[in-house]
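Before anything else, here is the set of structures, which you'll find just below.
Below, subunit A partners subunit B and then partners subunit C, in two separate complexes.
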Partner chain A sequence: MAVIHDVIPAFELFQPTTVDDALALQSRHGAKAWVLAGGLDSFDWFKDRIKRPEVVIDLSQIKELRGIRAVGDGLEIGAMTTLTEVVRHPMVREKYSILPNAAEAAASPQIRNQGTIGGNVSQDARCWYYRGGWPCYRAGGNICYADTPTGLNREHAILDADRCVAVNPSDTAPALIALDAKMVIRTPKGERVVNAEDYFIGPAIDITRMTILQPGDLLTTIRIPSTWAGSQFYFEKARDRSVWDFALVNVAAAVVTSGNAIERIRLVVNGVAAHPVRLTAVEAAVQGKPRNAETAELAGQLAVRGAQPLQYNGYKVPLMRNLVKRAIRGVGAEEAA
Partner chain B sequence: MGKVPDEWTYGDLEAGFKNAALVLDETFVTPNTSHQTLEPRTALAYWQNGKVYVHTGTQSTAQTVPAIARWLGIDPSNVVFISEYTGGGFGSKITGDITLVIPALLSKKTNAPVMMRISREEEHFIGRGRPSLLGRMKVGFSKEGRITALDMFVICDNGPYDMVGDAFSSGRIVSVLYQPQAMRWRSVTVLTNTPPRSAQSSPGGMQGIAIMEPVLAKAARKLGVDQVALRRLNAPAGKAPFGPLVGGKQAYATSAFIKEALDRGAEQFKWNERKLHTGKRNGSKVRGVGVSMSTYSGGTTGFDGLFVIKPDGKIYIQSGVGNLGTESWTDVHRVVAELLGVPWEKCEIAWGNTGKNLPWTCPSGGSQTTHAMTRAAHAVAMDARKKLQEIAAKDLGGKPEDYDIAGERVFRKGGGAGMSLARAAQRAVQLGGVYDGHELPKDINKFTVVSATALSGQGLLAVARDNYAHDGNTFSFVATFAEVEVDVETGQYHILDFLAYADVGTVLHPKALGGQILGRSILGIGHALGQKWVYDQQYGLPVAKRFHHTKPPTILDIPDKMAWAAVELPDPETPIGARGIGEPPVGGGCAAILNALSDALGDEIFRRAPVTSDVILASLEAGRPSQHPLRSNI
Partner chain C sequence: MNLIEWAQNPWGQQIPIHIGWSLLWVSAIGGLLFLIAHAIYVRYWAKAVTAHSGAPAATAGVGVQVPERVARHSLGSRLFHLIMAIAMLALLVTAFLPKVGVKFAWVTYHWIAGIVLTISVIYHIFHASFWLDFWSIWPDKEDVEDASRRFKRALGQSAPPPRKFAKYPLENKLYHLVVMLAGLTAIGTGLFMMKRVQTPFFTRNPYLFGDMTWGWMYVLHGLAGIGFVALVTVHIYFAIRPEKLFLTKAMIFGWITREQYLEHHDPARWPIKEPPSEAGQSKSKSVPA
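And then the complex of A and B:
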């Protein structure tokens, strides 16, 4: 039989049915194990034969990781819930519409049917050098191919770069941070709950990871508190194609107003750094100010302070500025400019 | 600058510029684009009884045989080529190529079937791409907008292998499409250490038009002339001359009805109403409308037709046309059914496998099939008519010309004796000779002789070469209209409406024609919107290797509304009047979008295609074109 080289290298497959079993498998196989959710990130790596794990732990059979439940006055979303399920769920749509809006902006209908919310927030960087198997910093090497005088970096970072200039590609991540979601993580030592905004890490902390998940850890649940339920939301994703494309920049905002003044706000952008960026300085600056064009202008200018574009991504500075402006102006902002 | 390697001129260029009311001197860079065929060029080969059998998908069926034979150094009669369905070619799979020959040679060596599988990633190494042209256009216009002089200079980024013809065809296409009163064309095709290139739909034409159209759009604005009127003034009509002087004369088109396409298209698109409402900001949105003209070669001549009317009364048509999704592999043969008065349901077509005895056929490339093979179909149908009339006269008396053919019968004109085609087929076998293919015409191709010989004795065998007169070069045309809406805060834009009005002569199959016009328009739109071809300049490796990197347009990127129409004026130089259409909409689609964008945003936004949101946003921010004037593919 001919040896065919364009298929996924062989691995031992485990399909646990409980979280406990999955964790046990993870600790038994350690660094050799690869945790598989929807497969949209994993299969790219496998088919390119860049990642060749010996053991794959497929989470698709674990029922407790799926579904959306009302808990207290908030929601719990299992990490293996598909993006399509998030988009369609009536409770999510009713009170936290920013999340289905963001989930629906991700990828394409087929990918959303298969892709999970846990996978969407935990996916690896999409830098085409890194994903192409180039031995860059993030891959354990000692160069960033995107950050050179000839590097092709139109899609790369303008903020918080540290050797690596890749960006976080997730659409749901900024929405979850705007909602002040909590990430529930099972570790070998027990359960740990972290704020969504602390779930993501930049290259300065660990250049090989996008999240705080360590080998052996498992994201099980995303909790959405009622803090921002029913507030005014804004989500927008700028991209090259209308579907099946990662964000050039996206923005997510949750705003509560009192009269016309901004009483409280959470404002997040993604696609500009290796992690979603919560714009706390902008939040502070606009608090108490009227939600109008003038405040929007101030917010936009402030948001991009300190941005450091590379050779081909200078446009991301005005793009991020304008998206932040629109988020402050609110829904219908395009018409109101 | 030293001597330019390739150059031609006609007319008095200097006087043309001197007399011009406006002279523009502009540069533009068109994109490299890979072919992005959904089916990778995987091929399977095996040898049996001294013959090589090759399975893959190419654009052409009959014409792939000599290509394989040439590469393998064997006689074409020892090649059997099987290609029933082809998942896209766009010029990258016209006939046989190295990817077919490697498994054929390895199979010979190993004496076993060999399949060479090509992955999506490998398509980006060997699938080739359209070469970028860097163009400089110095154009003189009269105050009405007529082009008095055109000095065109293009540099072609050829890649490392054999020379592509894009620079050459760009000059001829621009010449025939805009009819400059005087023109000089110069080009340099540069070997570069970049991935290999090959023809892609409208090779050179698409680039020449994309370079030229923004100059016309700018000129119309500067002169205060309507965009459609300016194009109409320069558009070709009738036997329009083009290209270099050869023996003191220019070549000329067979016909051109693009003025009619512009007129009818402008009316259908409500151009005069729409143009009043563009360029004004509405919130962050601004709209623009664009019109473009486009053309490309639309047909060749001199190929063969072959079919058998069998005693079951059916017509068995042999089709050597490749099935690359255009439907021409069946459509061209409707001519036979019509001329013999036989329902289409009673025509059986053999195709996709040269072991099935196919006739010598044109390559399916350069939009030539519709024209070339309707001519061959007409010739062979006339051969059958003649034979039917002769058989009827032999059996029923009178002269052959006393007989007519319709309703599956040959019968005496004005009523009287006749016989069914089934009966005539039976008689042809009994008569033998020319009637059942035991005697063949001398002028048909050797390839057809082999096939016709194999089919002889089964019924009435009709075989003929297209020897019809043909005065001029065949071109098809399209006038394209588009309206876009740009968001100036994000640089994103959307195509609201789109119309492609084609001049293709007689329409054979409206649905298939519409598919070609709109499908190829979308290919062109992709060149404007953002289809990407990205290689690291230091290491020479592709970084854009997946569809979400190369970004062909998705179903949500195509225009909200999309329509097509055809002027339906037959070409006078071909018996059916039909010309091909694959190529022209590519340049038309790209240029209409570019012109709509400059209508919305002004002339100082872009100097290259594709025009992506980063280009728009950065240029609006800077107040001038922000990208490097000669750099593309980032």
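And then the complex of A and C:
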């Protein structure tokens, strides 16, 4: 394992006050630059000496990246808004309660005070082989140490693995996809808006990245449309330690019902693949069906179709199946289960 | 620029993990420079150097026995070449587009193309060994002598003019040799590398070899791959050169004309084995050679 040091290697620190300045710095320093949001992911890398950037661009002084604003069609959340601010914001709690529920499930209160929503969705994989600095696929090498007969892969992927079996650790990511959020990215060529579900990429597309952000790009804003405001939401996170842990599997659902029938639904799980997985086949299958135990059973069975567990993570298949069932059954499912 | 990327494995060993991907540009630029150099050479020097020896002596009396169309490549050979070319282009596209920034799920397409290439090459080995003139593609003594004559003439020294070619010119034979070496390297290493990814054929086993052996296997696979960037570039260049178009056409239709045969090839070195049975047929039907 990597040796933990008390201090981090020296780097040149820049603290721009505008997005334009941050982009200019990224452009000037290229691959030598590291963009720092809340620092919860970054400082782990730095202290372990696995990443040694020459230049760090700290976004904390850019006011335009902070805060939550009501816009014509929903909300805009600055990428540097802390998770605590997301959790406490009254409008978010009132109309998009799945997001504060997910944000509140992330880490500890101290970390949520410092961690940002942009950082939470853009954080790197937590596979310990990768974080330990070994030359695995994700680190540019040619092996996945977790996907071997003796690899410790209890927390790893059961879906969409392609050489690398690391998973996406974010709690807010599935909630944002369930809300059909849009990610606003500033690039050297201008602004780009992508659906939240397209923001995340798996190892088949690029084995060294978790998101579509290229060097020089900056996630500035997350837009949440009003499409799913006030829907019936469900978020649940299964983890080893309730007080502070990454998800083994989490599930997020936004449901609009007509009577007891499911009229519209978006259903997303995370912790099972290198990207949050939107279960579109399940959504299609349950649409128009009553929100009851029978539909939930169908959804659960369908959700895990194609799952390929590794040596030690077979438990994730029933865990994911049951979380999806509970999401379909809705609020109160936890007590009923 | 690193030729090879190294890393430290969990056991503290320094191991190669793959080639430096900047070598891709070295290969691409090297291929382009070769084209430019060759085009200049052909434009200004080649004729004086490569003028062939007394064609009339070599071909006297032969012309009347040569059919109008001389079969050069059988249907099997042409289909092999087509399938191999498609597989090779697919391999290069799936291997290197992601390296230059075009991201897509390439691994499955890559190993499928690799399997197609492997099967086509196995077919080619058997086909060429038992149904074609196996030795026609390998450089022989006359090729070496003629190459020496050309080289001397290029340097302005006195040397007899080189003879006409057999079925394949020397550069074609050398190209085949290099492609064979690079191809077998890519195929051999690629088949083992399939043990590292999910396929229907093998159970994954990344510990089949030690890290050092795997590392060198990735390096060899990478070197063969970037080598093919230059080799394919050069091949396409020759295929579209005006003086070589008749050979390209032969790879599509299977034959060359009597005039092309007599102009470029030595019937003594590439004899037509089955002369036409009837004069009338020779005008419209190709004859295996």
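Basically, the second predicted complex is superposed on the first by the 330 of 337 C-alpha atoms of A that agree within 3 Å, B and C clash if a C-alpha of one lies under 4 Å from a C-alpha of the other, contacts with A are read in each partner's own complex, and residues count from 1 in each chain.
Just so we're on the same page, a contact is a pair of C-beta atoms (placed from the backbone, for glycine too) under 8 Å apart; a residue touches a chain by one contact, two chains touch by 3 or more.
All of these numbers come straight from a predicted model, not from anything done at the bench.
After overlaying the two complexes on the shared chain, residue contacts for A:314 are found with subunit B alone; subunit C is out of touch.
In the superposed pair of complexes, A:86 makes contact with neither subunit B nor subunit C. Contacts of A:245 after superposition on the shared chain: subunit B is touched, whereas subunit C is not.
In the superposed model, A:323 lies in contact with subunit B only, and not with subunit C. Subunit A has more of its residues touched by B than by the other of subunit B and subunit C. By the touch criterion defined above, A:152 lies against subunit B but remains apart from subunit C after alignment on the C-alpha atoms of chain A.
When the two structures are aligned on the shared chain, A:205 is found in touch with subunit C, with no touch to subunit B. 132, 145, 148 are the residues of subunit A that lie in the contact sets of both subunit B and subunit C, per the superposition on chain A. By the touch rule above, subunit A contacts subunit C in their complex via residues 132, 134-135, 139-145, 147-149, 161-163, 201, 204-206, 308.
The part of subunit A that touches subunit B in the complex is made up of residues 2, 4, 6, 44, 48, 108, 128-129, 132, 145, 148, 150-152, 154, 238-246, 248, 312-316, 318-319, 322-323, 325-326, 333-337.
Listing the residues of subunit C that touch subunit A in their complex gives 5, 7-10, 15, 17-18, 98, 103-107, 196-198, 204-207, 211, 214-215, 218. Residue ranges on subunit B touching subunit A, taken from their complex, read 115, 117, 119, 121, 282-285, 487, 489-492, 494, 530, 534, 536-539, 541, 543-549, 551, 553-557, 612-615, 617-618, 620-621, 626, 634.
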